[in-house]
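The structures come next, written out as structure tokens.
Next, two complexes with subunit A in common: one pairs it with subunit B, the other with subunit C.
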Partner chain A sequence: MITLIRVDDRLIHGQCIVRVLADFKIEKIVIVDDFTASNPVLKNVFLLATPPQAKSVIFSVEETKPNLLQFIENNENVLLLMRSPTVALELFKSHPQLKMELNIGPISYRPDTIKVTSYTYLSTEEIEAVNEIAERRVRVYFNQTIDQKIIEWNEVKNLLRSG
Partner chain B sequence: MSSTNQNETLGILVCTHSTLAGGFKQAIEMLMGPQENFETIGLYEGDDIMDLSKKIIELIQSMQTHKNVIFTDLFGASPTNSAAMTLVDINASIVTGVNLPMLAEILTLRNQQLPFEDLLMDIVAKGKDNIRIITKEMILEG
Partner chain C sequence: MTIWQALLIAVFGYFSSIYSPWIIGLLGGWYTMGRPLVSGLIIGLILGDVQQGIIIGAAIQAMYIGLVTPGGSMPADVNFAAWIGIPLAIISGADSTYAVSLSIPLSFLGVIAVYSTASFNSLFVHKMDRYIADGKLEKAINIPVVGQITNFVCRFIPIFLANYLGAQFVPTMVSLIPEWLGGILTLLGSMLPLVGFALLLQYVVKKKLDLIYYLIGFILVAVFNVPIIPVVLIGLLFAYMDMKYSQTDLSSMKKTNIEKSEDKHKLLSQKDVRKAYWNWMFWNLSVQNFERMEAPAIIRMLGKVKEKLYPGNKEAQKELLTRHEAFFNTEPYIGSIIPGIVLGMEEQSAIKKENSADLISGIKTALMGPFAGIGDSLYVGTLIPILLSIALGLSSDSGNVMGPIFYVISHLGIMLPLTWFLFKSGYSMGLDSAQLVLSGGIKDKITQALNVVGLVVVGAITSMYVNVKTGLSFTQGDMVIDLNSTLNGLFPNLITVLLGLGTYYLMAEKKMKIGWIFLIFIGLAVLGYFTKLLAV
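Right after this comes the complex of A and B.
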């Protein structure tokens, strides 16, 4: 089953391996990222970074789609991990049976982005993707690790509009 | 990559979350005085891991050292992952789980012309050996 759907542009990293994998008892990490999937060096870096208690697979968005149902239906705790909300939107569209919750973690600053939380920067395109995901009745929330504050998309979206 | 103008000293870069790397440098210099070819870099909230990789390559190249060791704080974490991505472009190995004893050891031994692999094994052993538990009983009862 998919235990957590998370957007985090650092993919597998300290916060992830120290807290998220343990908190959600993750057994399999499914990384959905075209760039990482097409780059053998990056692929090796993230496969190497996977701690022994979990297994990672790395797919492009298109490779993910035919495999996603299997991850939804199996008995393992799966972390579905991607770098951008635009990818999440694509998967929510192709698989309506996905868990209706999206966790957004750290996304780094880029020149065209707006600061949404202290650790999340979103581009206009990404904000639109999040809006569209929320309109599909998916609960979107910002959270780094479960012991830290949760910020709901509903709390920040109006601030973005007025700002 | 031409090695004719590169100095033979081993370049050392410490790459960690936040200010830890800079703290290591300050602690080392308190113990051993100023060090050449010893650079540090931190990853901060909001930083991009690809940018960190680029900065690591620039720092290593700025030292003009033929061989380099990158020390990182946590295996599997972004500073380590960013460093791992640079190994395509630079001549370096990574040692994860950096601590002060292993840094002091490599800065002491790096000019002794030991085979690179032996040096790495040696400093990793030193780093592990320094992790001890001292209990109340050991102090009170001897």
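Right after this comes the complex of A and C.
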């Protein structure tokens, strides 16, 4: 069962390990990232960095698609983790049965990005992707850890248009 | 308080703030002098009352012991709580429990300082980008030094003013506190360490059965009055048994060594590598900003050796710094392996004259997450609180100076060699080093052992630092039955352990936010005081 779908450009990191895994009682982390999946040493580092209470698997976007159904249907609490909303959009398209909620956590500044929340910067392409996800009636919200404020996509999207 | 004492306190308070670079970055500052127990020692020395300084510092430390702040999400900041709360409490002759109650609003003010600093500093980062673009490289690598001004303003000035001006009227204010309010504050302050201990338990307890270790530690002190050093030894024994009888396979720890290629060409001498290391260690959070986080420190580190990597080639040096302008953020000390890897990869790329910019930034970006995770949970969330718990145990005997001294020596004694080892391994072995230091489950075993020792120690100091009683008594004929001694006959310090476990339950199981927990404690203190249900 997929408990949380999260976009977070540092994938596994402090907030993720210290808070998110505990708050959602995560048992398995499915990391969807082409770069990490393509480098065997890096892949190993991620597997080794996962704390003992959870297990990680790392797939490229293409590898994820045939495997995703088993994580939707199993009994474990699964965290589906990726770097970018564009990846999330692809998965929502290929798997309409996914949980209709997307949590966007920290995404760092890059040139040509717009500040959406104090911790999330999105490129135009990523904003398009989020819009398309929201149009599929998925609830998109921004939140770092559950003890902090939740910001709904609906609250910020109009500001982005007018700004 | 003289103006000189207030100035000295403000200087040290500023040195101990989270983004101050001067005492080996956070290592000697925020994570050493900035811990209220150590702050208490320094403030005590300045004000001429070491013992009282440590007693108050220890009380505030106990409450904030579980404060782990991953990835810039900051619920409370102990800098103002310690460097304003402790000195004013000392000169007012106030009880340490007053100081604990009053430190809460100060800690929220501290958060404002953190957010203002990190927001304002984006300006400096943009300036850095411009300097690099204009080829003013020396100016660019000095941004962490120049940008430190924001942190100085946000810390030195408030601490100085609060101490100097506060010293004029706070003692009068404290003497004017009516008896009932004083009673409530004392009761509140003596219960609040339970919030800190519960926060810590939340990070350390992996399965509910682990709470047994907490209870064992509590009983060792409450029932048998065991001092802290034997408690630690007993904790180590439990850790050994826990590892021995759990599923983990120790044989995998013998991992084959990855070959070191000795005949690599070198551009950097040992001295250059050390220079890079120290620049990282001191400046990593100096110009902390939400936009790029630690990127200016990476630029400073590489900028310090740019002449060695690309001698005389200004264009190549400029490109080198430009490609590290991107966001970088990790736990700086366990994560020191990453700047090490970056340095090694940049050196190889300069030798082979090939463009590996994408690979370097890809690996740098990929690694910052995992090492932040390990650093925050193992170092900030486990090692520091456990060393502090032992130190609190040593100081529980009326402000013994051994507590802070033990903490300073053990913390720096572990972290300085460890960070150099990580940085050096990263530099000489590259990405393989990241795999090597994590292999064999060493990290998981250290965590497991530390957690068991930690639980026993936290149980012990809960009983040393908190002793909540009930003031209720019953009259039966001529006899007055004191409910408290009846309860203690059943289980010494029973109310404390029940309150402690209850707080943990609210946080871990009910996911209650810390602000609500504070409110509940305030409510308990008010209610407990007037009904005599609770007493100190």
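Annotations for the structure displayed:
The rule is short, and it goes like this: the second predicted complex is superposed on the first by the 163 of 163 C-alpha atoms of A that agree within 3 Å, B and C clash if a C-alpha of one lies under 4 Å from a C-alpha of the other, contacts with A are read in each partner's own complex, and residues count from 1 in each chain.
In this text, a contact is a pair of C-beta atoms (placed from the backbone, for glycine too) under 8 Å apart; a residue touches a chain by one contact, two chains touch by 3 or more.
Just so it is clear, the structure is predicted and the values come from calculations on it, not from any experiment.
With subunit A as the common reference for superposition, the partners subunit B and subunit C occupy clashing space.
The larger set of touched subunit A residues comes from C, when the choice is between subunit B and subunit C. Once the two complexes are overlaid on the shared chain, A:36 sits against subunit C while remaining clear of subunit B. In the superposed model, A:119 makes contact with both subunit B and subunit C. Once chain A of one complex is fitted onto chain A of the other, the partner contacts of A:93 are absent, as it touches neither subunit B nor subunit C. Touch criterion met: A:53 reaches subunit C, while subunit B stays clear of it. Applying the stated contact rule after C-alpha superposition, one finds that A:45 touches each of subunit B and subunit C.
When the two structures are aligned on the shared chain, A:23 is found in touch with subunit C, with no touch to subunit B.
In the superposed model, A:148 makes contact with subunit C only, not with subunit B. It is stretch 386-394 of subunit C, out of 44-52, 242-250, 350-358 or 386-394, that runs into subunit B when the two complexes are superposed. On subunit A, the surface patch touched by subunit B in one complex and by subunit C in the other comprises residues 10, 12-14, 17-18, 41-42, 44-46, 48-49, 51, 106, 108-110, 118-119.
Listing the residues of subunit B that touch subunit A in their complex gives 17, 45-49, 51, 74-81, 84-85, 88.
Contact residues on subunit C toward subunit A in their complex (touch as defined above): 68, 70-73, 75, 202-203, 206, 290-293, 326-327, 329-331, 362-363, 365-377, 381, 431-432, 434-435, 438-439, 441, 443-444, 447-448, 511, 513-514.
Partner subunit B is touched in their complex by these residues of subunit A: 9-10, 12-14, 17-18, 41-42, 44-46, 48-51, 106, 108-110, 118-119, 121. Here subunit A touches subunit C in the complex through residues 10-19, 22-23, 35-36, 39, 41-42, 44-46, 48-49, 51-53, 106, 108-110, 118-119, 144-148, going by the rule given at the top.
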